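Look for chain A in each of the two complexes below; its partner is chain B in the first and chain C in the second.
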Partner chain A sequence: MLDERELATRPIVQESVQHNARTVSNIRALTASLFGVAAGTLGLESFPGFIFYAVGTAVVSVLIFAFKAESNPKAYFWRPLQDLWAGDMFGGLMSFVLTWTLLYNLAKA
Partner chain B sequence: MAIAATTINILGIVFLSHAVYSAYEHSLLPSSSLPTPPSSILPHIIDPKINLPLDITLETLFSVFLLCVGVVLSSPELKPIQWNVWAGRLERSKEARVVKEVGVGGGNPYAVLEERPGFLDIRGRRKEFAGWVREGER
Partner chain C sequence: MAGAAEQQIHRDPALFYWILLPITVVMVLTGILRHYLSTLLQTAPKRLPLPKIREQRSLLRSANLRMNYAQISPAAFQKRREWWIESARDGKFLADPDARGKGKPNPMSDPAMMEGMMGMMKGNVAMMVPQSLIMGWINAFFSGYVIMKLPFPLTPQFKQMLQAGVGTRDLDVRWVSSLSWYFLTLFGLQPVYNFILGSNNAANQVTQQMAQSQVNPMGGAEDPEKIFNAEAENLEVVEHYYILDGVEDRLLERLQGTV
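Coming up: the complex of A and B.
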């Protein structure tokens, strides 16, 4: 109910919301496979690998916040906590695991 | 900005390939399969057990960070989602103000409602439609 009032008084542009979500998820997918490359090259196993992924995703969130959202995520994301910081955190996990295992086998075994 | 982002990306790719190749070469050494000494500060379960030389580790991390910055910088700009900010930017931008046809362009998202043709040549339209129907029957 609160959201509805908020949307009626300050409407948002659906097209921009979609564009932003697509941009962020593209960045996440690309960087997730990069983190897999790094984790596999370093030879991380089990928990350290996933911790590495979490730290890397947080760093990418900060980079988007600083360079793309101009330190003002409210202007570009409807719910910044969900769309920028926490959401999509696990979207790139599968590509991370894919390149992680591949590079681990290439560089280690 | 685009040139800077591309430069960062290329640098990152070069460093990353070098680091991965160095790690591969290091793995061929007989000493690389020795177990690493356990870390003194981290508990056993989150001990990374990296047995690469420090320079390769640092190069990997640095190149991935560089590539992250490059990817973020080279991605398209975000668009403001608040309607007033978005419409204000539309009104101020040069290319959006060009009127392409009636109701489209002009930097006004409501142009299609505000600009309507005053009168319609209804007889002409009717004649046109009748011709179209006759063409279909033939």
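Coming up: the complex of A and C.
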């Protein structure tokens, strides 16, 4: 009940939430594809490739945190841990695998 | 096969120009086509008769009242709630007051229902036809040989699906035929569509299927009187508070830090 009142006095606007989530998701999708290009060109295989993706997304998270959220994620995300740090991590994975496979085969052929 | 020497297969570079590239281009174009097809096939919302609109809007009104009750004073809320519940109980909002108590209408007899189902069928057709067409196309033209090597290992269970038509028992699962490239593009092209068509596109059937599985196709077939009764009950149990209650305390609390 107290939480509900808190939300009523400091409302969360749905459009802004969606806009922020979409921004994060766009950044993630683009960078994931680029990481795939990099991993494929480097010729990474199996685990190193996925670790490369994890490290890359972590770096991107830090960049979003530092530049997009201006080190103050509470102002932009309701649940910063879920929406910023882990948001859409697996949405980008498929496009990472796609470009990784493509570039890996182009580079090795 | 997981032994010392890694399996090497020498592939013709032309495989990329004649298989990988065409499949990718076709997949992107099908996504765009699907997007425009679904926007074209979308039936415009039908004009409803006045009583039907009133019925829907009254329900909406109650829902809004239930969600935003904190914005109005207790007296105003009480008044609105009493009026709404009374009217709903009397059946003033119903589109067809004579049909009260007759129970659930048959969805097949209502032309509006039929139209809704037709719209869904069209959406399904727009999704299924390109998908099966491309699957058939790839199976007909590009099956029977491996074209690429995955950069990560898979379990042997995938062999059946990803090496369809190759038929070498000892080949590493990482060597896959063109069908697996189709699957990769199927799942991985969503960001590409996002950048081409904007984020609210209908290009990817995977996300669309997820969205569709959540809507109840027979949602509108309920008896309106039952819906109104349920809504009245929901409205009745709302425990009202006013957003301006204690506003001066909150203001002082906020100002305390700044002064």
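By definition in this document, the second predicted complex is superposed on the first by the 105 of 109 C-alpha atoms of A that agree within 3 Å, B and C clash if a C-alpha of one lies under 4 Å from a C-alpha of the other, contacts with A are read in each partner's own complex, and residues count from 1 in each chain.
In this section, a contact is a pair of C-beta atoms (placed from the backbone, for glycine too) under 8 Å apart; a residue touches a chain by one contact, two chains touch by 3 or more.
For clarity, every value in this text was computed on a predicted model and none was experimentally measured.
Chemist: Once chain A from each complex is brought into register, does chain C clash with chain B or fit beside it?
Modeler: Verdict on chain A: chain B and chain C fit.
Chemist: For A:Asn26, select first, second, both or neither according to whether it touches chain B, chain C, the two together, or no partner.
Modeler: Once the two structures are laid over each other on A, A:Asn26 reaches both partners.
Chemist: Quick one: classify A:Leu44 as touching chain B (first), chain C (second), both or neither.
Modeler: In the superposed model, A:Leu44 contacts both chain B and chain C.
Chemist: Which chain, chain B or chain C, ends up touching more residues of chain A in the combined arrangement?
Modeler: The partner that reaches more residues of chain A in the superposed model: B.
Chemist: Given the touch rule stated above, what does A:Gln82 touch, chain B (first), chain C (second), both, or neither?
Modeler: neither
Chemist: Which holds for A:Leu98: it touches chain B only (first), chain C only (second), both, or neither?
Modeler: Second partner only.
Chemist: Quick one: angle from chain B through chain A to chain C, Cα centres, nearest 10°?
Modeler: 80
Chemist: Once superposed, minimum distance in angstrom between C-alpha atoms of chain B and those of chain C?
Modeler: When the complexes share the chain A frame, the smallest chain B-chain C C-alpha distance is 10 Å.
Chemist: Take the contacts of chain A with chain B and those with chain C, and give the residues found in both.
Modeler: Touching chain B in the first complex and chain C in the second, residues 26, 30, 44-45, 47, 106, 108 of chain A appear in both lists.
Chemist: In their shared complex, at which residues does chain B touch chain A?
Modeler: 16, 19-20, 23-24, 27, 45-52, 57, 60-61, 64-65, 67-69, 71-73, 75-86
Chemist: Any idea which chain A residues touch chain B in the complex?
Modeler: 10-13, 15-17, 19-20, 23, 26-27, 30-31, 34-35, 37-38, 41-45, 47-48, 51-52, 56, 59-60, 63-64, 67-69, 75-78, 103, 106-108
Chemist: Taking the touch rule as given, give the residues of chain A at its contact with chain C in the complex, in rising order.
Modeler: It comes out as residues 5, 8-9, 22, 26, 29-30, 32-33, 39-40, 44-47, 49-50, 91-92, 94-102, 104-106, 108-109.
Chemist: Mind listing the chain C positions that touch chain A in their complex?
Modeler: Going by the criterion above, the answer is residues 11, 13, 15-16, 20, 24, 70, 148-153, 181, 184-185, 187-192, 194-195, 199, 241, 243, 250.
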